[in-house]
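I have placed the structure first, in the form of structure tokens, so that the comments after it can refer back to it.
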């Protein structure tokens, strides 16, 4: 569902943002469709929060325009942009009760009392925080606080939600629970959401489209499946997926009309590759995810280094053609160190990269 | 490999620790074998750090004894206990170089210069931090800092390593890398290690044995596979595994000599259950992990609620017998909301719990 | 030996005077280490007492004679000077003899008076009155009568520094001047509260009320700033002790032509003989003890007495010195002294505690709109509980 | 300025808002903000200005009035007089003597009081032995005790240990009275140092002093700057203890200042007083100007965490 | 207990205990001992030297019937309330202004802070002069044509405390500003952003959100300011010496003068005891709240 197909809800055009001499974002453009869930993903310091703050109007942009719902809001105050925002540190007002936190902005906007009550009741119901309304933030657990922070955006009845790493202060279990809740919330409300994270699991589970950023530049903007299976370049490939994709250096060989990937004496047939296989002799990097490597008695020979059990399955670290490679195997097996195994590769899910341009071929 | 079989390296006997009126640990006993990798796992505030600090001698215990290598060290100073410790926040001395950090403890112990150099060189080699030795901690990345923190314990040449959530400040990618490294380190050194975490992936991948704690009490102490497949009680079952185990409330029925689990009109055959199936009519809770539920066209009927893609596969949230259930399916499928599917259960990996005592049956 | 001497003589005239002591003492081969502490005797005395009780006494220290050091003496912290007194026959040379009495405790002599200060003076600026076009008054009544003219000429009739003791001084002077010797003694010596609340003292408070009115607008703190106003002709007059004389002298003014002095405020010709005296803390060092005796001798020697008192504007404590060089005002004082119209000062009659309370009362009276009657009532109460 | 205006109109001229919102330098907000700041700054600078101007005038000019008027004829006479000629009693060497005394008093007092207070703060924050907080509460109570109240007991105390009138005695007095607030600051600061650091050092075998000197001290520059500033200011400016616990030849500068200011010869020599005042304040002022930034940082570290 | 029991508790952390001896001595001997000593002698009739001749509550009776003491208490209350309110308000306002990412922040901050480097004696002196009706402000303004302009606080009994507050604020607000600024900088940036997104005006954000969050700073500041207020002495002495009359007397001065000038230690001690009592009434509940709970530290 590409953005152009639907009405554009948020549109960033040629955005440039500089802190003094340091340009953090340069000529960045991004179109987000109505009701779309966009995740901005990238390593720390790549400019995700900066971009989000520009959209919110919390940072004055250096150049470019920002449109929300067909209106140029470049010069408007945050409160007039029709956005709600949820912060990593929750940013709840500690001395007010939950109800106070939710009501404060509304009261300030001069809404009638009854209307405020209705909205709070609705948000509290959606988020299941009715029993907490009279508590202060200090008396809430991390997850509850996060829900209140979302509630504060919710009551504002806005079209665009902005989330800046809303879950990264929480522990793994809570994180996965709230992830589901946010997903549900989106399915229920169908607002446009822009969600910043550096956790790829969040990105993959939540996003309609993911924008992978590095150094202020969007590296790839696509739906999770495409990002996962056909990463645009080495950076995206390595960044997405946990355990990470393995990269093998080698070159293309041709034998009997079929293309092979050759490295350190081992060869992998490339038929079924989703993309253009380069001519023989070309140096390439083969990227393959652990779960697309099957481990058995037969296949390309490799040696087991470490068997890391991970509950439902194990992660094997192997030596293959002199290079290190990881593979996922069902937990039952249990491999010993130094054990010889055979590998099978699902080439339709693998990627070939140009070592110089680092782009996918 | 139960602790009693080998020489006991660390032994905690009837430990009691109270902060004023608040008793955090009560009559806790734990035997750890020589060279064993023990992980203390549990939710925040359950007393993991407290237990570790008691072993290290950083907290004065209220009652009980602590033995390390056959010596009662209950009243000894931390430095005399033959332990090394790695902290969550690294706790590197910010004003010293990496070399200074590593040397500090050794100099305090009055070791000769040459010996100090040798030990630092060895640790630096093992951890691959030779190029960093002259830098200050502020100039290191998170992962490098963590390695230095480990190095600081390493140079002390101790028998017991204590880790207090050493990876929880790092991002997911780095975390998985360092996890492997710690595992490698243990395989290389074969020291006794006590490792605190609330991240179950860490626990499952690293531990020889896991002690799952709650409220200062060890709920289950066993190897990862047992913990994963035969959790001792509801708490352990729910705490371990991500996505979490689903619990279905129901009762035992008998039809034709075979036992069934019945809930909301749906029934699941219980043959192959690892444990004792209770008599018919008894109320039980069935716990089943998402990866032990197979989704296909046939089987027990269920309805899809949400399809959460997670890269390699998807997590399906289903309604089954009026209750919510999750299942893992290969990412290829792609289920729509409301789609009817059939489920298969791998009962040999499921657990039955008593609703009152919450213990596994 | 080096002898540290603490005192609070820091104004121009005072400093010049104390230099005479130092010069004379240094001439004996000893060394005067000057420990002047500025900011009036009140600041200085607390420091002196701390040091003596703290076990780090100075070689000698100034106090007003009277009861300020009574307890220090009683506690054995001060040495007696009986031997020197005997040798120098001070009993016969000190005049009036009451001065020595106030240095005695249980028959021992603990201090030496160095000068006689009298409080009862009204200092007038001849120029101010000339500017106002009225003759220089000869007594308090005339002064009060001349005040409107002064005010018209833009002058402040009576300069008063904003410190309690200066106002108490005015009150005591009025008490002695307008009420006479008997009233003064009844109040302060016998501490007769009835008299203090009676009609005679009421008159004094009326006069004090006048003084308060006349002093409006003198925005200065210390006494010598007030004196400076008289010297420069900005103010008509000041009620202040004879030490004000020193300031006139330093400013090069001539008694009679530039300024006029009226002892006893021009009313009753009595003066009180307060003054400064030196105490000698008990020291362990015999050499210093010796030096203390030398210092005592030097201070009371006729030459130093003359030199000192000429500069200071006070009267010598010896009856046998020649003060030919004395000016007009000093001679007036000497004459009264000769007549024997001398009384003990309040310092000797009432305790510092009572003095402090009195100062508070007076400064309150001057600053606020308290009526003369109320003030008198409180005064009577104060005298009743005085010790 | 012109260029910015042009650029602004250019932006305004476009059909759509683009780039940074045009802002006038003289927006109402800025006028208000800087207006208030400048007015307040003037209020704060006024006394300094008056001091400076007055100290450069001759007495005749001062008598004319107009304390705010700049000097018609600049003279450094009052400065010279204040520094080396002003008299108190018989001593006519102005502030110069007191200056070195102040230095001699301030340096050891600052050093000792900070050393002790930092150790106290460290012991309180990191070692927390039983009863420590009780002592600390008493200490804080001590912060409120007027010095005058303690003057007498301390006189007796010093007499009993035979230190009355010595420099050591004075140093001890300054240490005692600096202790409450400094200990509070240091305690708060050390409490904000991650506890794990402290634990790591203990595992590494460092003891009480080892951790203090090798771990805590090197990390505490900002709070030490704050402590030094507070103490230098406090001790340098102290009058009461200086005058009560010293002798004339060891009088600190403030005592000399008080003497000069209160020794009036005829009229008050305002110009000399002001010069003396500025000279006396010069040392703490210099320290302030040099380390202003660190001061705020240290305050942030030591005061905010309650 | 285990077989080889714990070593003596006393020797646990022995270095820490030894290192704390100066603090313990100061707390116990000087502050506690000195206070007790003062309280005991306040029941005696000690004059110039302390002596144990008990007279019951006589000193207190006299104290509370002395107008000057009453005035002192009132003055301290006026000064305390005014300087508390104004130093907090002004200090906070200045800090808030400086926190607006302004240019020349360093310069402004230094200007506001420098008076703190001066002693009260100096402050008193300068302000005494500026407020002097014959030279200072009043003189200047009259000279400018307003002949009837009257601003003469130091010689007007009704206004004198305000004059002292003026000087006290000049000296002290800089530090308060610094403390507040530190506090403001410690507030999570996200809170500001959240408030902006909700469209809450700046002043409201300060009033309802930021100020309530700065409680710890306010507590520390309160301790410092209150300690300064109770001790108020030098400034009064330098500016007015308690005058005009007794209009600007303060308790600390009363104590000092009765102990040393009036040579009535008993009276001075009684007054000190009253001051200490009022301090204790404030400090003890605070200390209890601060350290009584099971919070760290």
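Think of it as A, B, C, D and E in the order they're written, each chain with its own count starting at 1.
Everything that follows uses one rule, which is that a residue touches a chain if its C-beta (ideal position, glycine included) is under 8 Å from a C-beta of that chain, and two chains touch if they have at least 3 such contacts.
Since this is a predicted model, take the numbers as computed values, not measurements.
Across D-E and C-D, it is D-E that has more C-beta pairs touching. With centres defined by CA atoms alone, the chain at the far end from chain A is C. Mean C-alpha position of chain A lies 53 Å from that of chain D. Separation between the centroids of chain B and chain C, computed from CA atoms only, is 90 Å. Averaged C-alpha coordinates give centres for chain A and chain E that are 55 Å from one another. Residue positions of chain C touching 2 or more other chains, listed in rising order: 46, 50, 53. Among the residues of chain D, those in touch with two or more other chains are 151-152, 258, 261. Looking at the complex, you find that chain B touches chain A at residues 43-44, 171-173, 176, 179-180, 183-184, 187, 198-201, 204-205, 224-225, 228, 239-244, 289, 291, 306, 308-313, 315, 317, 328, 331.
Contact residues on chain E toward chain A in their complex (touch as defined above): 188, 190-191, 193-194, 196-201, 204, 208-209, 212-213.
The touching residues of chain D, when paired with chain A in their complex, are 16-21.
If you check the complex, the residues on chain C that touch chain D are 4, 6-7, 9-12, 15, 18-19, 22, 32-40, 46-47, 50-51, 53-56, 58, 222, 224-225, 228, 231-232, 247, 250-251. By the touch criterion given at the top, residues 53, 56, 58, 77-79, 83-85, 87-89, 91-95, 104-105, 108-109, 152, 156, 164 of chain B touch chain D in their complex.
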